[in-house]
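First the structure, in the form of structure tokens, and then the observations on it.
Naming follows writing order (A, B, C and D), and every chain is counted from residue 1.
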Amino acid sequence: MEAFSDGVIAIIITIMVLELKVPEGADIHALRPTIPFFLSYVMSYIYLGIYWNNHHHMLHATTRVNGRVLWANLHLLFWLSLVPAATAWLGETGSAPVPTALYGCILLFAAIAYTILQNAIVRCQGPDALLATAVGRDFKGKVSMGLYVTAIPLAFVNRWLSDIIYVTVALMWLVPDRRIESRIEQRT
Amino acid sequence: MEAFSDGVIAIIITIMVLELKVPEGADIHALRPTIPFFLSYVMSYIYLGIYWNNHHHMLHATTRVNGRVLWANLHLLFWLSLVPAATAWLGETGSAPVPTALYGCILLFAAIAYTILQNAIVRCQGPDALLATAVGRDFKGKVSMGLYVTAIPLAFVNRWLSDIIYVTVALMWLVPDRRIESRIEQRT
Amino acid sequence: MEAFSDGVIAIIITIMVLELKVPEGADIHALRPTIPFFLSYVMSYIYLGIYWNNHHHMLHATTRVNGRVLWANLHLLFWLSLVPAATAWLGETGSAPVPTALYGCILLFAAIAYTILQNAIVRCQGPDALLATAVGRDFKGKVSMGLYVTAIPLAFVNRWLSDIIYVTVALMWLVPDRRIESRIEQRT
Amino acid sequence: MEAFSDGVIAIIITIMVLELKVPEGADIHALRPTIPFFLSYVMSYIYLGIYWNNHHHMLHATTRVNGRVLWANLHLLFWLSLVPAATAWLGETGSAPVPTALYGCILLFAAIAYTILQNAIVRCQGPDALLATAVGRDFKGKVSMGLYVTAIPLAFVNRWLSDIIYVTVALMWLVPDRRIESRIEQRT
């Protein structure tokens, strides 16, 4: 399952760049229309990198898998697979309100799917398992979801605020989940 | 072979989203034309998820591989590789009769290819092997094929009935193949 | 190296289907223009399947790798990566003379690259190694190259004859390289 | 991490060929507009092959990984993911000054990212580790960066000189990093 998920995330992250249109024209001005897409590409790249990082750490701490976990994992990958299209729409419209809100919705659903997957793995492995103690009450996950829920309606008031929130959440997660990492290191 | 197949299915599942056109325009109405494609994307995603799941379980129960198995596997992947294009046609035409029937044909050929692969693996490993006893008479596989055969002509009478049949088959398979899973657990 | 090569071939085989245009229109006639592409897709799929199969067997019999082998491998993957574009051109022009000849050139260069890779691996492992004895004088490889060399100019006389030759070579290789397979089985 | 990186590079290398437009028309003249793209495709293919090769060697010599290394790796993959779009722009404009300079910038940033990754791995493993002694003062890396820095402004004076520099650097790296390779062989 780890290899398959890594594969899917690797493909999503790479396929996203296909949405980057080759500039029409050969001078420096031709690059301008690609800038908003480029910025949203960078943001989505970081988000997918975060998911890959944490997902990778989580699956490493996973020793048992059942059908529920497999489908929770596919559910997460489903929402992540929508990121490239949402990124392209966000970039092409220069972060218009509806695309900005939709982008937040997809991030929110991905975050929810991640939590469901986490719970499915914890339930499958028992409350004493490594992951359960490492995740704890998942404060960072809950804050992220709260911020997404704030950013989505805010896109219709001031879309730049929404973008700032998305960037903030990304920065908050840039460090891989030290809780799991440190626990694993303690054990080995 | 497992890694290659996982890779191919991972790519098919992800490439499918490339068919999702970025909406033209920046408001909520621009999203409307993408809804039928989105729905067919969800259905195909679930189908490919089911194939990945069961295929993965089947290959795990496989200990010996020969040339016949390798080609039966490539044959299955061939039909699965046509799913993205069929999904796009289904979505773009709003489930018109011909695309609906064609979608069913591809599902039918994939199901036949899966059965051929299953038989090739069983024959390669001998009738007493784990997989042979786990698969048994493959009731669920036969029912699915019967339903596809019904849905294909039905698309020209009432295409929504065909779509309902496709969704029903998907739901029927959403649970991974417990027959194999439980046998494996008994052994380990 | 095996995983990387498997990955690249898996991606090439899947990406090829992206060239398959979604039919414009929703009736049975809309499918017609896709038929020539579909046929060339089937042929290229089988060719790439053959390469995957034999390449996989060859790397399994490989125990030592050096820089020369790595680059010989990338060289083979380069020619295989051109197959999707050549297939699309062949299909879209209904097998016109130039695309038919170009398709043969790419098959020829891929075959030459495969031979170079084979020799590089044999040289790296020594003449007594498993692969060296298994490959022998590589009769089938030489016949294929001879047939490609015949088919390329023939495309300008009668392109259907060239297509028949391509199909013949594919059928000739459909069975995985039994020479290596049987030797491996003898040893294990 | 090795499998994920290999996967991403495999996808980037293959996706690049998607930018190769199928010629419009069926005769030999239709091939002409694709020649500049083809040449830039060959160059980028070799560059990505070099990165894959050296990256692969480096990760093989890596025994410990931390969060800093993971992100340094994603940073490198980010710049490599921009290579296909830059290649397409370079090819479509027949190596116009701005695309030529941009191509050099991406190569430069990728080279910097590779150095950062190398340092992060060395710091993570300690100065006595295999990689640290193998890399030494990284003369070849510094020369490459110097050449890129020269080639970028030169594109506005004589773009062909820039292209020659890019090809020269590629040739310089075509051999995998023997320093690491030979040290590893000494140890095993």
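As a working rule, contacts are C-beta pairs under 8 Å (C-beta built on N, C-alpha and C of every residue); 3 or more make two chains touch, one makes a residue touch a chain.
This structure is a prediction, so every number in the text was calculated from the model and none was measured.
**Student:** So chain B and chain C: same face meeting same face, with over half the numbers shared, or different?
**Tutor:** different
**Student:** Fit chain A to chain D on CA atoms, both being copies of the same sequence, and give the resulting rotation angle in degrees, nearest 5.
**Tutor:** About 90 degrees of rotation relates the two copies.
**Student:** Name the chain whose C-alpha centroid is farthest from the C-alpha centroid of chain D.
**Tutor:** That would be chain B.
**Student:** Mind checking the centre-to-centre distance between chain A and chain B? Centres are C-alpha means, answer in whole Å.
**Tutor:** Result: the chain centres lie 27 Å from each other.
**Student:** Once you find the CA centre of chain B and the CA centre of chain D, what distance in Å lies between them?
**Tutor:** Going by mean C-alpha positions, chain B sits 38 Å from chain D.
**Student:** Going by the contact rule already set, what residues in chain C reach two or more other chains?
**Tutor:** Only 3, 7, 11, 15, 18 qualify.
**Student:** Going by the contact rule set out above, which residues of chain D touch chain C in the complex?
**Tutor:** 3, 6-7, 9-11, 13-15, 17-18, 20, 22-23, 26-28, 30-31, 42, 45, 49, 52-53, 56, 174-176, 178, 181
**Student:** Name, in rising order, each residue of chain C that touches chain D in their complex.
**Tutor:** 1, 3-4, 7-8, 11-12, 15, 18-19, 67, 70-71, 74, 77-78, 81-82, 84-85, 88-89, 92-93, 96-99, 102
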